[in-house]
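Below you'll find the structures, each written out as structure tokens.
The two complexes that follow have subunit A in common; it is paired with subunit B in the first and with subunit C in the second.
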Partner chain A sequence: MLIGSGRSKQFLNVVDRPIGKGKNEVSLSAFAFLFSELVQYCQTRVDNVAELERKLESSGFGIGLRMLELLCHREKGNRRETRLLGILSFVHSTVWKALFGKVADSLEKSTEHEDEYMISEKELLVNRFISVPKDMGAFNCGAFVAGIVQGVLESAGFPARVTAHFVPVEGQPRPRTTLLIKFSEEVVERDRQLGG
Partner chain B sequence: MAPPARPGDAAYANIEKVNAELFTLTYGAVVRQLLTDLEDINEVNKQLDTMGYNIGIRLIDEFLAKANISRCTDFKETADVIAKVGLKMFLGVTGTVANWNQDNTECSLILDDNPLVDFVELPETCQGLLYCNILCGVIRGALEMVSMKTEARFVRDVLRGDEAYEIRLKLLEHLPEVLPYKDDD
Partner chain C sequence: MSQVYNLFVINKSGGLIYYKDFGSTAKLDTNNSLQLASVWHSLHAISMEFSPVPDCTGIEFLEADNFDLHCFQTLTGTKFFVVTETGAVGIDGLLRVVYELYADYVLKNPFYEVEMPIRCELFDYHLSNHIRGGKDRPTGGSFR
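And then the complex of A and B:
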């Protein structure tokens, strides 16, 4: 087949195409509808809330892998962070900006555990239109975003366990979502050896 | 001089938006999940269509509320509104309508590009996959809510080597308007 000059983009192999600036947009409702279908579909394949969270996390995980690759290529000239705080701030600012158009509301270190960090968001995009039924307890659709973060961290060489939790905020009707990041032992150990 | 405003532009400008890559990758995650769970490509196609249908029956409300369009007088106008306003409002792209049959009950919606497929390449094992099949479901669901029973299916797909995405849309019947409840209930 002859490749037309005007529409060559579509015929190029996916890796030969320009990568784009990531500035395109679609409607928020298109995303919200799609995400709601994902959650509803996942619900039909699991038996309990914990499994549902795992399933959403695993959906997000694949996005995290791809985001790391995409952003390192686009924003950082194919370099990636090698230090713990570097990768955390990469997630908190670069990844968040790309996905949600803003940096995350906060990034904190746990005061009790050395290997734990928290990224919090007052109104996480995926939870915008979600109200959790009473019988589903502490279920948080942020599990999907937790999965994304875990995917980014793990493929960057920082294996961690990331979970999403609702945290009530004084004076606010809706709780914020906190992603709790617990790094594997070897990650913390390695970072310590690299020194400050 | 600015180009003349197209009918979907105002609707698109007025709604809240998110980054298209988040949307694209999330859709990819959905398709991957279905491929892993269902294992059979035809089942995946079917499930995508069902998800689209579920979206369509809800999405039409927002569309009618925000698109600022008047009632369509015939199916021709409906198809045009889908291509120019509907697709634009939700996905930020517009399509063209072509290939009408003689009775004006069947046409093609043609898209050069759509945000679902960025970064996508179908591997050998997924050749029968109708990657964007969710769109067919959305259109079918949305039209059913405005009393049109339709059939929508992909006939061309860039991911499978065609020049454009083409959805063949067929009007099966106008459904009579039925009240959801009776007065004496």
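And then the complex of A and C:
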């Protein structure tokens, strides 16, 4: 076979072909079962809830790394955000759309702390079928998504600590999930030096 | 919508894994609900043996003077059954919806152990939503 001859599309070498858009649809049931198994697998390898949270975060981290790489190439012509607000809105819209098919419900800045931001979702896809037992306290399987966000931010050069929390909403029977993003000092400092 | 008194879910070995009553008529305490569930499990099994028809799948509907009992058995042997007022309609559909909710909010929950009692907040929530309003349809299997 002639490699890279360009005579016909099927002879193109894999690296010369345009990167695929990917199939945008996946069975929610299949995903839910897979995720459920992931959580159960993690549970067999930990002793307490805090460790389970960390385990789920680290499973998400690698996905975050890859998502940044892929989306910068696919959506942004190999450019990546260098400013704090830029990367946050990239996560809130581009990453969320690629992962969940929609932008996140809200992106807010903490009123108390300069270095904290929050991404909230009324019903996080991974939590759709999950009821956390009372004895696990405030544990949230959104820790997996928190890990993904942390992976994206860290590999983009914005080291941060991301955690998932349930937040009750007035007038709503179900709490929403908020991802709390706390950036490292140097990130905030650097962004300040770059100026508004 | 027809009045539903109680809902039971029993696992394949006859243990009661979920019980809920709706409204104030026909409330059962824990002991009675457990008893009724195991009696029903046995009756169901006996009916399969006694049936003159080959390949009988057991009692689906029991009609009494002051209540109806509708039963639905899944392929894996889990049984869902409800006690309703006499002449209630659309109960087969309801049982299938309950089955769907069970498949979604119980079986996809990583903290649920199969064949064990069901303690899932979301299952309770969607179930009572459905029984009360009848508008909260299960989400189905596909996304977007």
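Note that in this section the second predicted complex is superposed on the first by the 176 of 196 C-alpha atoms of A that agree within 3 Å, B and C clash if a C-alpha of one lies under 4 Å from a C-alpha of the other, contacts with A are read in each partner's own complex, and residues count from 1 in each chain.
Quick note on the criterion: a contact is a pair of C-beta atoms (placed from the backbone, for glycine too) under 8 Å apart; a residue touches a chain by one contact, two chains touch by 3 or more.
Keep in mind that this is a model prediction, so the values were computed, not measured.
Colleague: After the superposition on A, what does A:M118 contact: first (subunit B), second (subunit C), both or neither?
Modeller: neither
Colleague: Please indicate which partner A:G101 is in contact with in the superposed arrangement: first for subunit B, second for subunit C, both, or neither.
Modeller: So A:G101 meets both subunit B and subunit C here.
Colleague: Once the structures are superposed on A, label A:E37 by its partner contacts, choosing first (subunit B), second (subunit C), both or neither.
Modeller: both
Colleague: Which partner does A:S29 contact after superposing on A: first (subunit B), second (subunit C), both, neither?
Modeller: So A:S29 meets both subunit B and subunit C here.
Colleague: Can you tell me whether subunit B or subunit C touches more residues on subunit A?
Modeller: Partner with more touched residues of subunit A: B.
Colleague: Check whether A:P173 is in contact with subunit B, with subunit C, with both or with neither, and answer first, second, both or neither.
Modeller: second
Colleague: Which partner chains sit in contact with A:P133 here, subunit B, subunit C, both or neither? Use first/second/both/neither.
Modeller: Second partner only.
Colleague: Which partner does A:V46 reach: the first (subunit B), the second (subunit C), both, or neither?
Modeller: Neither: A:V46 stays clear of subunit B and subunit C.
Colleague: List the residues of subunit A that touch subunit B in one complex and subunit C in the other.
Modeller: Touching subunit B in the first complex and subunit C in the second, residues 24-29, 31, 33, 35, 37-38, 40, 101, 125 of subunit A appear in both lists.
Colleague: Quick one: in the complex, what on subunit C touches subunit A?
Modeller: Residues 104-105, 108-111, 119-123, 125, 139, 141-144 of subunit C touch subunit A in their complex.
Colleague: Considering the complex alone, what residue numbers of subunit A touch subunit C?
Modeller: Touching subunit C from subunit A are residues 24-29, 31-33, 35-40, 43, 101, 125, 128-133, 136, 141, 173-174.
Colleague: Subunit A touches which residues of subunit B in the complex?
Modeller: Counting only subunit B, the residues touching subunit A are 12, 15-23, 25-30, 32-34, 37, 47, 51, 54-55, 58-59, 62, 89-92, 112-113, 115, 118-121, 134, 158, 161, 163.
Colleague: In the complex formed with subunit B, which residues of subunit A make contact?
Modeller: 1, 4, 7, 10, 13-14, 20, 22, 24-31, 33-35, 37-38, 40-42, 45, 55, 58-60, 62-63, 66-67, 70, 98-101, 125
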